[in-house]
């Protein structure tokens, strides 16, 4: 379990706002529950803002109490709904959002979301002095500064369950399958799923796809008597990338079936890991606010809870150790 | 539980062959185990033929004993592998297959597979006098004469799990999702999944898709305040049909996200239902052979185990009661 | 899928009550949703009564509308709560319940529950002329007249998942495990789970436990080289019965580990089968009421939806075909 | 993902032995696969020893090749079987084990197991100069020096699934449930499960159970209108401890139902986390041996792979941060 922060409450808070933004991620509900209940026990009022920044602009919100976040910890999605607001990307949009924060009398705003959502929170803080704190909520695990994000573990397990199923068919039919998982610019899901799924190979943005290398490997495996294989493909620039890969393999005599896992990776009962991570970060977020935190995201680094300045998120990029990519091939035998 | 047949052993059998053919279906391993162990206990030798009819043509087979089918009941796929043989579709191919059956000294051949595989078995019997018995193994549940097929229940539950996940996201984002499930010519999976998943509507081959009807319904639901919906689409003539549906909806102002579930529906741990069905049919198949059965498929009809003459399979088509299609919409509210 | 009833609406109904009673069973929510939405579409008002008959006595009820049963089809338990009422077992209790039905202006009462709950409904009808219709909701599948009950399939799959897990350990440690499942007087869960789990043997109320027979079988299996075994035990007169069995085996030199599955068998996401069964029966229940049905339970028999007079439930007992018990041992090899 | 070690191969190894010992843990197969395949790719021969130290004493072993560890990564249990050897606890036993290691020509022995198994390995090394390296494989996560152990994450998720199910019933019946999970001397499983399951309270060895405190809390919750609760209990000195707790609560007017999860927590498909952890540690173990490691256990500390001297394991005890115990109650609302 993570090493918690040592914090002393030094601020008084009366009222916080809470929203989930961007793509939904399993565990968001656990974070909502933790923020709400920790705040209420500390005497802080909590307003839940609906549909992410959209609700902040369109005045969709409601008071949250202890009961209203009951029986949600085990649910995927987010009871606060989520969304992507084009208007909030504009200076006018953020000005309106800030006015609504003041109108509500919010002392601080807690944002659960990915990179873009947290960067948006940072702008709101910089431009209008709204106090903000962020929690990393995204299945992609591509947020700099935190080794882990809420939803990642569940997405890996969901994709893995699909792979375990596909392996049954790959094995029964002795075929090659390409399984495409989420991960536009980063291969975290792909590499974990490939390692855990016993895939032959993984194709991610981190290492440009070399058709010939993969074909050589598949030829070798075939020569060794291996007749079924699974290759995990990170979706890359756009979903469906694995069809391009399949076309190249086909030309070299390796017909492959393609499975694009798509949205099933996003929902579902969160894993224990994601529920505990989300609960802990939610609790720590309220304690951090009471201790004076502002313009930070809480994350975990080297197994400790840390506060990362939001301004750093946009300029840095989390890097995947390429040795894990190699490990996939080593362990495929 | 199904009403078993009353049968008296009247034949002596020394040696049977066993193969799985066509697409793999969860529960095939339970059937393999049941046929093998029931046969061995009755003093019958069992030869497992690999890769379906391909192995019968290419001499890929092995003796099965009690231990070789241990610890497989819970696995998806088929330990005998499966495949589709082009050669077996020709008269020459079947002649060769028959020669191999005689060479092996098989008194009968047990085939676990779908429509096409069982029809192939029938030709082998008609043309060459090989004694055959079939078990319905396909996730599509589209075999005439049996209310149920091995693998169908598991496929429904797998698709349902995906739908439950997608619903989390549909609900969080308040979007319309089209979820495409298997079922080329029949909507059995689609209708079960739609009913069980609480879908707004189901689109199957049984009832031609009327874009306007669906759009009216979605408009109505939207008017009623319903902001997220799931529509289940049977793949129809070719996988990806839901993209066509999405395009038509988009034109009418209903943007939809598409999820094609694909091969994940095929594998995985079989459900209790499929394991019991497969075990029971496997056991009954051996008892039927001992009682003299030939050129039949064992299935279940009105909750009883029945023997359907193989020649009837090709000419009849199982029909889906359209009231179940209506029920989806009624229960969607 | 089941053959639906042909029914013509001949009655006008304005208002029905709906309750779940006894132990909860997965799929009850699907039935609640189906009854409610079918009724509302037919212009009938629906009042949900809480905590089973307790709520009918203590005036705990609420109006159900289309939205209030949204997003529940995939949940275990029952949103109407359930309970066992001692008071309702008395004539005074039922008289009070009948007064409350009249006060509410109910034209009929729909009861989802087990044997005892449905028999209670029958008394309410006989003694006070309240119109009632029942749906079989119990994981035990021990209701006469229906081949299937809402919740049974899910319970079997839940127990099976536990068995699959235990088998990993039984196999790794090469030990004998006794796994106790629910089923006081009937072995339906036990036999299905034993068949599907590949158990060595099943012990149920239907066939008195003979220690020596089991010990001989285990000795034989051990002699054959089989080192791990699972025996499924129906709980019988009281939970924990498997400890007695273990003690007898221990004396004969077969140390066994005991797992009592208990309450985990009751909850959880219902399977596709249970959701479809519950949805279908719920819809048919409303149609049956409109067609004039009274004092019946809807069930499925020989794959058709049937109406069983409630008075028959108490006097008849569903029987398990003992050949299924034998099949467990045959297939264990 | 964990920060890997930087290591340079400096030793030549020709032959290693590999065994799993103690209770089985999900992910052991992934570790077996990783050790075997990494070794073989480095030109090292691998002998798999069966039944833990028992097999080392009784000469039960077999050569492992790339294919023999195929298709096992997704399986619970251990293909090498496991066991607890009384003989190995004696000096004579270990002397015999060492003789067999020499006879086999092992350059090193890899042990996957818990505390006791690794301490045993240390004695073998100290007394007889056998080179050993350990991997932490236990669902209890109670090994000092590593933040995580192979199998822990899966056990938490399995217990959590049971809790989610029980919650359905607790909620439907409005009852108090005590759920007993594994963890003799440490509450790691209990606290994670309680946090993730939204339990009202957790009872572990780390904080002596105070009946009155819990009763007060339950009274308070009841007063607030909360009618169903789950309390997670670590099994403590002996399984069944929760029955004692229930008896004390019953006296204070809080009837509770007890569920002892037992052995189902041990098996099952490992989670993605456990498969990746096991794969990574297995690969790193071989690389560490090539770099000269001896008498260490590989673990993860502050998100880095570390080598902990085996002699430290016996004398130190991993401590659970009590703030996590408090967090359970805070978040229960």
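Per-chain residue numbering starts at 1, and chain names A, B, C and D are given in the order in which the chains are listed.
The working rule: a contact is a pair of C-beta atoms (placed from the backbone, for glycine too) under 8 Å apart; a residue touches a chain by one contact, two chains touch by 3 or more.
Every value quoted in this text rests on a predicted model; they were computed, and no experiment measured them.
Trainee: Taking CA centroids for every chain, report which one is farthest away from subunit D.
Mentor: Most distant chain from subunit D: B.
Trainee: Taking the mean of the C-alpha atoms as each chain's centre, how many Å separate subunit B from subunit C?
Mentor: 27
Trainee: Whole-Å distance, subunit A centre to subunit C centre, using C-alpha means?
Mentor: Measuring from centre to centre gives 40 Å for this pair.
Trainee: Averaging over Cα atoms per chain, report the distance between subunit C and subunit D in Å.
Mentor: About 36 Å, centre to centre.
Trainee: Would you give the residues of subunit A that are in contact with at least 2 other chains, written as numbers and ranges?
Mentor: Subunit A, residues with two or more chain partners: 164, 167, 171.
Trainee: Mapping chain-to-chain touches, which pattern fits: line, ring, star, complete or other?
Mentor: Looks like a ring, each chain touching just two neighbours.
Trainee: Run through the chains and report each pair that touches.
Mentor: A-B, A-D, B-C, C-D
Trainee: Given the complex with subunit A, which residues does subunit B contribute to the contact?
Mentor: 20, 23-24, 26, 28, 51, 75-78, 81-83, 158, 161-162, 164-169, 171-174, 177, 257, 259-264, 266-268
Trainee: Write out the stretch or stretches of subunit D touching subunit A in their complex.
Mentor: 1, 3-4, 30, 33-34, 37-38, 40-41, 66-67, 69-71, 73-74, 147, 153, 156-157, 160, 164, 167, 171, 188, 191-193, 195-198, 224-225, 269, 271-273, 275-276, 279-280, 283, 301-304, 320-321, 323-324, 327, 330-333
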